[in-house]
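By written order: A, B, C and D. Residues from 1 in each chain.
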Amino acid sequence: MSRNVPLHGVVAYPITPFGPDGGVDLPKLRSLVDRLLAGGVHGIAPLGSAGVLPYLSDEEREAVAEAVVSQVAGRVPTLVGVSALTTERTVHHARFAERAGASALMVIPTSYWRLTDHEVFRHYEAVADAVSIPIMAYNNPATGGLDMTPEFLARLLEIPNVTMVKESTGDVNRLHRLVQAAGEDVAFFNGSNPLALDAFVAGATGWCTAAANLIPRQTIEVYDAIRRSDLPAALRSFRRQLPLLQFLVRGGLPRTVAAGLEILGFDPGPLRLPLRPVSEAERGELKEILAGLSPAEVS
Amino acid sequence: MSRNVPLHGVVAYPITPFGPDGGVDLPKLRSLVDRLLAGGVHGIAPLGSAGVLPYLSDEEREAVAEAVVSQVAGRVPTLVGVSALTTERTVHHARFAERAGASALMVIPTSYWRLTDHEVFRHYEAVADAVSIPIMAYNNPATGGLDMTPEFLARLLEIPNVTMVKESTGDVNRLHRLVQAAGEDVAFFNGSNPLALDAFVAGATGWCTAAANLIPRQTIEVYDAIRRSDLPAALRSFRRQLPLLQFLVRGGLPRTVAAGLEILGFDPGPLRLPLRPVSEAERGELKEILAGLSPAEVS
Amino acid sequence: MSRNVPLHGVVAYPITPFGPDGGVDLPKLRSLVDRLLAGGVHGIAPLGSAGVLPYLSDEEREAVAEAVVSQVAGRVPTLVGVSALTTERTVHHARFAERAGASALMVIPTSYWRLTDHEVFRHYEAVADAVSIPIMAYNNPATGGLDMTPEFLARLLEIPNVTMVKESTGDVNRLHRLVQAAGEDVAFFNGSNPLALDAFVAGATGWCTAAANLIPRQTIEVYDAIRRSDLPAALRSFRRQLPLLQFLVRGGLPRTVAAGLEILGFDPGPLRLPLRPVSEAERGELKEILAGLSPAEVS
Amino acid sequence: MSRNVPLHGVVAYPITPFGPDGGVDLPKLRSLVDRLLAGGVHGIAPLGSAGVLPYLSDEEREAVAEAVVSQVAGRVPTLVGVSALTTERTVHHARFAERAGASALMVIPTSYWRLTDHEVFRHYEAVADAVSIPIMAYNNPATGGLDMTPEFLARLLEIPNVTMVKESTGDVNRLHRLVQAAGEDVAFFNGSNPLALDAFVAGATGWCTAAANLIPRQTIEVYDAIRRSDLPAALRSFRRQLPLLQFLVRGGLPRTVAAGLEILGFDPGPLRLPLRPVSEAERGELKEILAGLSPAEVS
C-alpha cells in the first residue's frame, strides 16, 4: 500500500508572535516563516505547541493557518495543527486548514477527562472522514494528558488518511515498538528534541522541532548525516546542539524559543499570559549556548 | 484574620445536560439544580469537571453560569468554575460570574506548557484583582496537568480574596501538610471522592463532589457523622457508598454521572463528543451499585 | 471464622544497636526493649526495617530474635521479621523464630527480580506450612521492591495461618480496598507513619511504628482517642507528632531513630555502613521537634 | 588521563545453574562459560542479576567467582559482581574476586533504606580503596532500588579505580548526559537490552547482556555493524533480535534465560525458589522467537 506522506526531514514549528496590543502579529509570523525557509527546513508546521495553539481563539487559529500556508506558498509542505478538545471543533479546524491549502494536518487528542481508546479512535475517524488530506496522529502525554501506545497508534494508521505518527514521549523503545506493530515502512516523526539522533537511527522519517527557529542548519545536519550513514558526524553534530535541545525542553518551548529569537535579533513580541519571559539567568545561559552554536548571529 | 468562606459541607457539581441538537439544555440544567437542592446539598458548583467546562464555548459557559445562579436563587451558595488556559479569558469569565451573582469562584490553572510557580501565582493575582468575591484555588494535576504543592497553595492563600483551597490529588498527606503550612483554620475542600472520609477527619470544610447528583443524602450523611464525631457511623456510611465513588473515578465523571442519572429516571441527554456513553457492562454494574444505595429510585 | 490475631494497638519496632566492634549490642537491645515496654507499647517487633534486618547475618538475626523474645518474656506479644530473598532462608528464619517463642512472624517478599503473583503466593504458602504461629503479610514496595495489591493480599489471607496484613504504601485507599476485598473483620496494620490517624479511622487493628522508640506515649494516644471515637483529640495528638513522623520518613528510620534516641539520652552506638549519621542540621531540626514533644527528656 | 578499561563489546552474563540438590552446579557453570566463549563474546560477567547474585550465600558467591575466572583462564576479561547490602560484605567479596583473578569488579549500591549520595560515594570509595583492579559503577534502580544520576556517576568516576559505568535505566538521554558530565572518552556500558542499538550509537563501549546466553553471535553483530558505521545493518540486526530482548525483560532474566537454554539443548537445572519456571505459554512464545533467530539449534 502506497500511502500519502508529504513530509520528511526537519519539520519546523514556528512560534506565534504577538503584537503590543496582545493580538497575533501576522506580518511577523510571515517573516518568521521566510526565515525558517531560508534556513533550509523541509516543512513548516504552524499551530503546534510552540505556536501556543491552545491559547488562541478560533479566529486567531484560522488567521495563523491562512497566513502560514499562503506565505510558504508551496515551497515546502505544511502541517497544520487542528487539535481541539471537542470533536466538533477539531473537525471545524481540520476543514478550514484543508480549504486554506495545508499539505497535512496534525491531531493530538487533548484530554481533560481521560478518554477511552474507543473514544480516541472514533475522534480520529470523525476528523479523517471530514477531510481528504493526510493526518498525522500525535502522541504527547506531557501536553495532551493522554497516552497512546505504539500498538494503538498502529491501529489509528488503519484509518485511510491517517498516514503518519508523531511520537513525543522521548522513549526510543516506543519507536521500535511502533515499527514492530505497524511495519518497517511506517512513517513516524519524532517530537522529543533530545531524542533526535536516536529517532533517526530508529528509522524516523522526520524530526518535528521548534529548535529550527534558532538553529535550522544544525537540525538538518543530523538528518543529513544519518541519511548518508555517517554515524560519527551525526553524533558530533547532535552532541553540539544537545545543550540547546535540553534547554528548550527544560524551559518550555514558547518561552525559550522567544528568548532565543530575540537573542538572534528577531523580536518575537510579548508572550501571552499566563506565560512570562525566561529569567535573566536563563537568558544568560541561553545566550552562551547560542553563541557556541551560531557565533556570527549572537550580538 | 477572619476570611470570607461562603461554602461548607457537600458542594454538589451538576453535570451539564445537552439537548438533541448538541447545545446545552438549560431547562434540564435548572431542573437538575432543583433536584440537588431537594437532596439537601450545601452548595452548588456549576462549570466544574463534571460539567465539562473545557468542552463549552464562552457563550455556553456564560449561559450555564447565569442559569444555575438564578435557579439556585440564594437558597445555598454557588461556586462557579471560571478556569481558562489564558489569563485574559479567566479574568473575563471571573468578571462575568461575579456579575451573574456567584458566591465564589473556582480557578484551576490548566497548563498546556508547564507553568512556573511565578506564572501561576501572577495568574491567580490577576484573577483575584479583577473581582471582589472569594476564590477557591483548585489543585488537580490529573485534569489540569499542573501540580501545586500544599506549601504553594498556602502562599496563594496570602492573596486577599483567595480564601479557599480544593485539593483533588487523593493524597491525605497533602491535606495534613496544607494545615501545617497554612494554619489550622485554613478552609480546604476535598475533591477526590474516595478520600471523602479521610478529608473530613483531617479537618476539611467541605467535599466537592459530583456523587451528589446520584446520592445526595448519603454524601451529607458522612459530613454530619463526622461533625458529631460519630466515627463508626461515618465509616459505615462511607463504606456503603465507596463502590459508587470508585466507579465514578474509574469511569470518568461526565460519563458515569450521566449514566447514573438516567438509571435514576433523569434523562441527561447525549454526551458531547469525543465523550461516549459507558458500556453496557458498566451500566449494569452501576445499576447494581445504585440499587444497593437507593433501592426505591432504581426502576 | 475466628482467626489468631495476637497483635493490636501500637507495635513498636526497636532499632538494632551496634557496639564499637561493629557487632550487635545485645545488652543494649534488651535495654531498649525494656524502655519500649515502659512506654506502654502493645507489641514489640524486632528485625524490621528499623532494625536493619537486611544488613544482618543469619547468626545476628537469630541472636536478635532470641534476645528480644526472651527479654519481652510474654509481657506483650512479639512479631519477628523473618524475610529473606530466598524461600529456603525465609523458612529457616521462620522456624527459628517460632522455636524462640515469637507470637507471630512478619514476612515481606523482597524482590530482586520482579516476582510473579504465583511465586509470591507459593512463597507465603511455603513459609506458612513450615510453622504454626500466625503470619503477617507485609506490603512495602518502597523497601521490598514488589507491590501487592489489596486484592492479592486478601488472597494471601486465605492461607490458614496468614492472619494479618501490614500495609506501608501510605495510600489510605488501599486500606479501604483491603476491607472491601477481605471483609470488615480483616486484621490490618498500618506501617506508614504519616498515615497513622487515617489508618485507625479506616479500621486498622494496629500501627507498626519505629516512632515508638522516641514518643511511645504519643503514638498510643492516637490509638486510644480513636477507640473512644474522640476525633478532635485524635486529630490534635496526630497533628502534634506529625512533624516527627515526617522527619523519620524523610531521613530513613535507622538513621533518624538512632539520632533521636541519642538526643533522648540513650546511646544507640554506631550505624552499620553504608548507613551514616544524619547531618548536624538534621540533628538540630530533630532536637527541636523532640523538645516540642517530650520537653522533659531532651537535655 | 589514560584509565584502565579492560572491557569492551559484548559482555556476557551467564546464569548460575543449580543441581538437583539445590546447590550451585559448578561443572555446568564451567560448561556454560565455554559455550559463551565459543559464541565469541568479548567478556564474561559472573554474579550479575542473571546469575541471581542476591540469592547466593557468601560461600556460593566465592565458588562461582573462582570457577568462572579459572574456566575463562584469561581468554577474555572477566567482570565479577561483588555487590552486597553492607559495605563490609562488599569489600569482602571485592577482595576475594581480586585474589581469584577477576579483571574488573561490578558494584551496584543495593539499597534497602534509601541511601544518601554521600553514603553511596563513601561506599564506592571504601570498595575502591580495598582493591587495585578497576571497578564498574552500576546503576539499575529497578533491581537496586536506588537511582544514581548521570551527574553523580560522573563524580564516582573521579575515584581513581572506578573507571567504568554501567547504565540500565533504558533511558538513552542518561547516556548522552553522562557523556556531557564525564567527557567524550568516558567508558560506559549499557545494561538495558532493548536499548542496545541506541547505546552503541551514543558511544557505549560495551553491552552487558544475558541475551548472549542464547544468541551470542547476533548480539556481537550489532556491535560490529556500529563499529564500521553500517547503520542499516545494525538496525536490521537489532530489529531481528528485539522480540527476544523484549521477552527477556518482560519475563525476568533468570527465568527466561533458563527456559531459552533448555530450548537450545542446554539443561540449566532448576531455579532457586521463590523463582519458578516460565509458563507453558511463555515457553511456546520463546521457542517461536528462538526458532526465528537460531533455527538450527531449536529442536
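We adopt the following convention: a contact is a pair of C-beta atoms (placed from the backbone, for glycine too) under 8 Å apart; a residue touches a chain by one contact, two chains touch by 3 or more.
Please read all numbers here as calculations on a predicted model, not as lab measurements.
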Using the touch definition up top, find the fewest steps from chain A to chain C. 2
Where the CA atoms of chain B average out and where those of chain C average out, how many Å apart are those spots? 39
When centres are defined as mean Cα positions, the distance from chain A to chain B in whole Å is 35
Mark out which residues of chain C touch at least two other chains, giving numbers and ranges. none
Run through the chains and report each pair that touches. A-B, A-D, B-C, C-D
For the chain C and chain B complex, residues of the former touching the latter: 170-173, 176, 179-180, 184, 194-195, 197-198, 201-203, 226, 229-232, 235, 239, 242-243
Where on chain A does chain B make contact in their complex? 22, 49, 52, 54-55, 85-88, 109, 112-116, 118-120, 122-123, 126, 142-143, 145, 252-255, 272-276
